[in-house]
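Report on the structure given below.
Note that the chains are named A, B, C and D in the order they appear, and that numbering of residues resets to 1 at the start of each chain.
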Amino acid sequence: MAEFLSLHDAVARYVEDGATVAMEGFTHLIPFAAGHEVIRQQKRDLTLIRMTPDIIYDQLIGAGCARKVIFSWGGNPGVGSLHRLRDAVEKGWPHKVEILEHSHAAMACAFEAGAAGLPLAVFRGYIGSELPSVNDQIKFIECPFTGERLAAVPSVRPDVSIIHAQRADRQGNVLVEGIVGVQKEAVLAAKHSIVTVEEVVDDLDAHPNACVIPGWAISAVAVAEKGALPSYTHGYYGRSNRFYKEWDAIARDRDTFTQWLDENVYRTQESAQ
Amino acid sequence: MSLEYSASEMMSVTAARALENGSTCFVGIGLPSEAANLARLTHAPDVVLIYESGTLQTKPNVLPLSIGDGELAETALTTVGVPEMFRYWLQGGKIDVGFLGTAQIDKYCNLNTTLIGDYREPKVRLPGGGGAPEIATNAGEVFITLRHSRRAFVKNVDFVTTLGFGRDGKGRDNVPNIGKGPTRVITDLCVMKPDPDTKELVVVSLHPGVTREEVMDATGWEVRFAERLESTPEPSENELTILRELKARTEQAHAGA
Amino acid sequence: MAEFLSLHDAVARYVEDGATVAMEGFTHLIPFAAGHEVIRQQKRDLTLIRMTPDIIYDQLIGAGCARKVIFSWGGNPGVGSLHRLRDAVEKGWPHKVEILEHSHAAMACAFEAGAAGLPLAVFRGYIGSELPSVNDQIKFIECPFTGERLAAVPSVRPDVSIIHAQRADRQGNVLVEGIVGVQKEAVLAAKHSIVTVEEVVDDLDAHPNACVIPGWAISAVAVAEKGALPSYTHGYYGRSNRFYKEWDAIARDRDTFTQWLDENVYRTQESAQ
Amino acid sequence: MSLEYSASEMMSVTAARALENGSTCFVGIGLPSEAANLARLTHAPDVVLIYESGTLQTKPNVLPLSIGDGELAETALTTVGVPEMFRYWLQGGKIDVGFLGTAQIDKYCNLNTTLIGDYREPKVRLPGGGGAPEIATNAGEVFITLRHSRRAFVKNVDFVTTLGFGRDGKGRDNVPNIGKGPTRVITDLCVMKPDPDTKELVVVSLHPGVTREEVMDATGWEVRFAERLESTPEPSENELTILRELKARTEQAHAGA
């Protein structure tokens, strides 16, 4: 049963140094507030999983939280590079970060398989791509019915998954609406999960087939108003495209980045945007 | 009457025209998204645009900056989860055209969006494959659009993120359940198509005012030209107007907040 | 793009003798009107796929439409046996029917795999069950990452799938709401598909993550008001539990059944309930 | 004070009491559904009931006749597709208890809902496996409830549709990622549990007024009794009232339309 915790306490309890952590949100509902709390608590040696390492992972990497990143598209959407990710991979600053790289199809299927309790995902993929030559987690199996060669990857099963959602009811049931990405899969695939929400309400007011994650399938729910900014929350506030563009200049330079982090993460409490 | 238009506009209009009305298109962000939406707003009102964020049959009023802008969900027929998007809609064979951009492309139309240099010691780390590797093999066919430059059009890509026709042009031969692959590449200089036999990219159409030399200078291999080299039709006034309005709306929308 | 056809024309065009047909609806939205049309058009030698052969399949089997039934639970829900199915399997009336039997998990995964364009479904199932000894389509594979033995079944890919739904808009986009079963998967997995709907409307009035099947993924849409009766349509009308109970007596006896079929299917037009 | 109650009521109340408040229960139709809802309406208001029709955390006011009655969807937290139900919720390890009925059960708790007789020439064709084969292996543990009779409690089931502990009691040994299997069988005569070592079903509790002989007569093998044989606690007045109201509401609802 989901426990209502402060974001500080939820991160302190469930995100351990060395853990495998998936913070998901496919360009929507990205859990920035939670990511900042992970930075503030100076978690280290994390294996960070995410289909689209957005600027939140750029910040975590630049802050020195990550040992390894598993991803399928690592950019600043519509803007360009993640300079902190590149600096870590290309120049080892603040320290070397290992990467394990997939395609979106592979990771989406791997999250699905993780939620489904399976050890692997099978799909038609990686044909002709050189990714299998640099990622030893990509294998191929033969279909016993047709003989077709299909790709197989291990399922994603994080120690802890963190997502942001619109709202929870008082039992900790959570509504996710709009672009739902792989958030439900991330929560169901993980040993522990933290969901930050815009608000807690009496009634979720959800339609019959809404994406609702039951409270008993979640470890902790924490209120984090505007917790997805500069990403957005469908029905609550829009995406700060401006900040995404501004991030390019902030992240290009180590000093500018460090200063930004100081002012906007370390020196703030949970309300950091 | 000759209109004033830029090479970029020529590229977008030509890319847009490639999309047939009523086809289903899996749209990459950036140039493909611009072209696909221009198609929808001009000759192809019933083109079905699908973004990997799960937004099915979406009709954004402004171009999305990210693949998952709220605009996409708000104007979609419905929005599904990302696993469903890749499993049912792409891998399930429901996509006629995958529309992709790329950082590098080689003469067999292989795409590199992974890195420049060596994998373990990259000179430039690019964003990575994203949806492209499976879009390129599971969609019925693939259109590619990018700016023409010697940095982008290389003899051999540093890394095959996404299959065109393989490093030898035979990468799709005898592979079951695979799409046709790239059928055209639209740049700001020309249109290229793979040779039906060798799969080598051949320039089939030059944009108005562009010379063979310009294309050769901007291509990292000895590029071939079709025997019957065509001249790409110019953009119409209507297309240019709609494209400019779309970009103006987009700029305004993204400047805020 | 979905074509709007009469139910008669849709069935005439897409359901061929000898075809593999999935009429789905997991106790909800069962396409009875369409099933009756298949009976009226005296389709023969069908391979009928359905997780829960309900009384609609009992009727099709008793009417002599089926050569083979692929299923995972064949009963009259809450009432008892499907007597026409039993009579065909046990006594060969009106002729022998072959059965191929799965578990729900296997068939649900097989529909999912069919929609996903895969040749097989992989899942953790059939452990200790004797079903694999009587169904040669059940195989086992070894996970290349963990060595775990997992079940594999061929995906379901019908020639034609038929489902009933709440409503379509004028472009043939279809809303399915409530217990959605494997209907979307059935449509996406099939070469052709027929969707009967209660009504055609200007606007589906669907929420952002509703189960909507786009018109271009459907072959034909046909209006069939009350087309799911005696099953039900969430938001339109309830289930006739009474008819399900009455069916037991009707179906027990060949003559009673034949007479019922005459009066309620053959002698009626598409409006048969 | 001694209340009047039927053997069926005794069975339902006992089965209901087995469910702990707050546990997640994958509910079979019929007797398990009656017991699970009685639990929810009495001592276990926060028991989470899940039906294979996709209805998550449902609170039906009347018992469903079918596994997918509208009542289930209308009172559910949300309703998911059937593939998701079996993949994410059952196989994904989210279910504490699978609650099943059966047509035949043997001394190693294997269940047969497939057929009586030979598979190719059945004497009686039963509905088949449905969700049971994977509920029994993927749920944390399994409760079984059915009426006690020699036809149902057989030495060897005609067909193992659903694994209890296998025909030799060792069917779960060394199988990875498998649940504990059946931990109790609740009938209208008694409660049985598998012996911790041999897995043979042992009568651990007799319902009030039931004799050993009655159980032996209704069981198709030489049934064992626990050394410390208990007497099942009687239903309370509250449990009986709620059960009877539930059944009356149900009957009334199903008589209509």
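Just so it is clear, contacts are C-beta pairs under 8 Å (C-beta built on N, C-alpha and C of every residue); 3 or more make two chains touch, one makes a residue touch a chain.
The chain lineup, named per UniProt: A, C = Glutaconate CoA-transferase subunit A; B, D = Glutaconate CoA-transferase subunit B.
What you see is a predicted model, and the numbers here were worked out from it, not measured in a lab.
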Neighbouring chains shared between chain B and chain C, ordered by label: A
Centroid distance [mean C-alpha coordinates] between chain B and chain A, Å: 28
Chain A and chain C, separation of their C-alpha mean positions in angstrom: 39
Centre-to-centre distance between chain D and chain B (centres being mean Cα positions), rounded to whole Å: 57
Shared interface positions of chain B, touching two or more other chains: 73-74, 79-80, 87, 91, 138, 177
Chain A: positions in contact with at least two other chains: 112, 116-118, 123-124, 148, 178, 180, 184-185, 208-211, 234
Pairwise touch network: line, ring, star, complete, or other: other
All pairs of touching chains, each written as two labels joined by a dash: A-B, A-C, A-D, B-C, C-D
Partner chain B, residues of chain A touching it in the complex: 26-28, 51-52, 71-75, 77-79, 81-82, 85-86, 89-90, 101-105, 108-109, 111-112, 123-131, 134, 148, 178-182, 184-185, 211, 232, 234, 238-242, 244-245
Residue ranges of chain C in contact with chain B within the complex: 1, 112, 115-118, 173, 184-185, 188-189, 206, 208-212, 214, 216-217
Residues of chain B defined as touching chain A within the complex: 29-30, 52-55, 64-70, 72-74, 79-83, 85-87, 90-91, 110, 114, 119, 122-134, 137-138, 159-163, 166, 171-172, 175-178, 253-257
Complex interface listing, chain A residues touching chain C: 116-120, 122-124, 137, 139, 141, 143-146, 148, 150, 152, 154, 177-178, 180, 207-211, 234
Chain A contact footprint on chain D (complex, rising order): 22, 24, 48, 56-57, 73-74, 76-80, 87-88, 91-94, 138, 177
